[in-house]
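There's a structure below that I have some questions on.
Order as written gives the chain letters A, B, C and D; numbering starts at 1 within each chain.
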Amino acid sequence: MTISRYFKTAVLGDGTPVPAPLVASVTRFVRFNEVDPLNVVWHGHYASYFEDARVAFGERYGLGYQAMYDPGFVTPVKQLQIDYEAPLRFNQECVITGSLFWSEAARLNFEYTVTDGEGRLTTRGYTVQLFLTLAGELVYARPDFYEAFRARWKNGLTGI
Amino acid sequence: MTISRYFKTAVLGDGTPVPAPLVASVTRFVRFNEVDPLNVVWHGHYASYFEDARVAFGERYGLGYQAMYDPGFVTPVKQLQIDYEAPLRFNQECVITGSLFWSEAARLNFEYTVTDGEGRLTTRGYTVQLFLTLAGELVYARPDFYEAFRARWKNGLTGI
Amino acid sequence: MTISRYFKTAVLGDGTPVPAPLVASVTRFVRFNEVDPLNVVWHGHYASYFEDARVAFGERYGLGYQAMYDPGFVTPVKQLQIDYEAPLRFNQECVITGSLFWSEAARLNFEYTVTDGEGRLTTRGYTVQLFLTLAGELVYARPDFYEAFRARWKNGLTGI
Amino acid sequence: MTISRYFKTAVLGDGTPVPAPLVASVTRFVRFNEVDPLNVVWHGHYASYFEDARVAFGERYGLGYQAMYDPGFVTPVKQLQIDYEAPLRFNQECVITGSLFWSEAARLNFEYTVTDGEGRLTTRGYTVQLFLTLAGELVYARPDFYEAFRARWKNGLTGI
């Protein structure tokens, strides 16, 4: 997933390619209360599946909810898209992978895939998150903590 | 529902009966994402149905979330019980009724019924809520705002 | 919302404009359990808000879950997009509007808006639904019941 | 938890003690969308936590949803009680334990505890489940598959 299906690939100011996306995965099983009368995961629940991947990402790379809240920022979802390829059923194992793609903007561009226990793609999508201050004001410039994170990313961050 | 199935009926200090319960109802329809593979409302969702009745109650009698938060209190649920009599299905109409029973303790004792569009009982239950300060400390004595509410209740409160 | 932000406007075979979208709305209030630690509706819940509009639409125009299930079809969501403009808070009133846009394909193209009690846009988005047989097979041609529905639409359907 | 807080201890027909409860546990982390504006897990979500334990139990002992569905039975929850002792917060680890207590009746009596990462009890409760045929008829006698399960239980079942 080095090339995003959803986000445009950018180049850095000096023309070099942007750093490869950072990736984290989590495995879970479909819960009974997530399954609808058609015996498949209700389509809206995938927003929480994607969030599971973001949480795993945050823990692996030090960019979790608290790591952003402490310096004074929250990152609400501005846009969500989900593409449904195949259903998941009760108690089915799945792997949710989130990949953060490099962006010059003050935003977090995550792409996701959900695969079943045999590795077949069932769902994919993306989210775009903005930075807000705790007072709820939109932040147009990249916050310092995010700049530091990007510097580590550029230098080959592989997890904390 | 003047006599509770769940709460003991008390008498006031002077031996007179306690004020009758205060009652509020709300009508809703079963949502698709609330229905499980057996084509009935998943049992856990009734906690939110009961909450719908509490919210309607709060609005009717001036005892809502904000009316308690403003003077510095929250009222988390300490105990929940749900008794399932009959299922509800997708898009079925139902009426959720919450009744606050008088208590001398610093707590809110709500009893609930859920009836279908024909008035048949489908679900019943109760919650017990405690008073906590915003700092999270348990409050053993009835807060002033609740005392004022009880005074109005005793005097025949019928809604605001 | 005659012109969609999301779907391309088509013309009929004879070059005339397609019928205007069919529209249905529903009013609801934000439930306590839909609100997240940031005191706003958790972003994933809007999928269910959109579904509320689809259900209202189905009832108004005779294209609900059962009306499609009876002749042998279900219409799972193939793609969902949500654009978040402003937050909604606990107990806030909102109006969810779903508009079905004409399509020549065997699919349902719904666009949604969510506005708050003052009419301000808070959220918008769309879904694309496919037709599947009850056995789960994708249907490429428009089913008969849907053809009949489109004929009524062309002739000025305004609800049943 | 050999002695239940909720269920009466019975003796077998010959006066010997009933078999000890069967126990299964599952570890999970609190998800962001489960947390309410008070920064704690919304009280209704514990019904799904208990269900997680039942699923783990079903897998360990061969008494899962499918193992009961295949011979023609479902086991809807007839009664649920939850006692809240302490809150859980976002991303907090917890262990959910479900214990099936012996009963002579055609029902499943599960008791649950939820403990946090340090082993402190946060929540407890129970469910009572009945046996229904797939046609929805209440079953008063213990089904054969359940009798076989009980025989294994009596003989020291420790998981499959």
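The rule is simple: a residue touches a chain if its C-beta (ideal position, glycine included) is under 8 Å from a C-beta of that chain, and two chains touch if they have at least 3 such contacts.
Bear in mind the structure is a predicted one, so any value in this text is a computation, not a measurement.
Set side by side, the interfaces A-C and A-B show unequal numbers of C-beta pairs in contact, with more at A-C. In whole angstrom, the spacing between the mean C-alpha positions of subunit A and subunit D is 34.
Separating the CA-averaged centres of subunit A and subunit C is a span of 26 Å. Separation between the centroids of subunit A and subunit B, computed from CA atoms only, is 39 Å. In subunit D, the positions touching at least two other chains are 32-33, 44, 47-48, 51, 90. Taken chain by chain, the contacts link every pair, so each chain touches all the others.
Across the interface of their complex, subunit C is touched by residues 38, 40, 43-45, 47-48, 51, 74, 76-84, 87 of subunit A. Of all residues in subunit C, those touching subunit D in their complex are 32-33, 35-37, 39, 42, 44, 90. Across the complex, subunit D meets subunit A through its residues 29, 31-33, 47-48, 51-52, 55, 64-65, 90-91.
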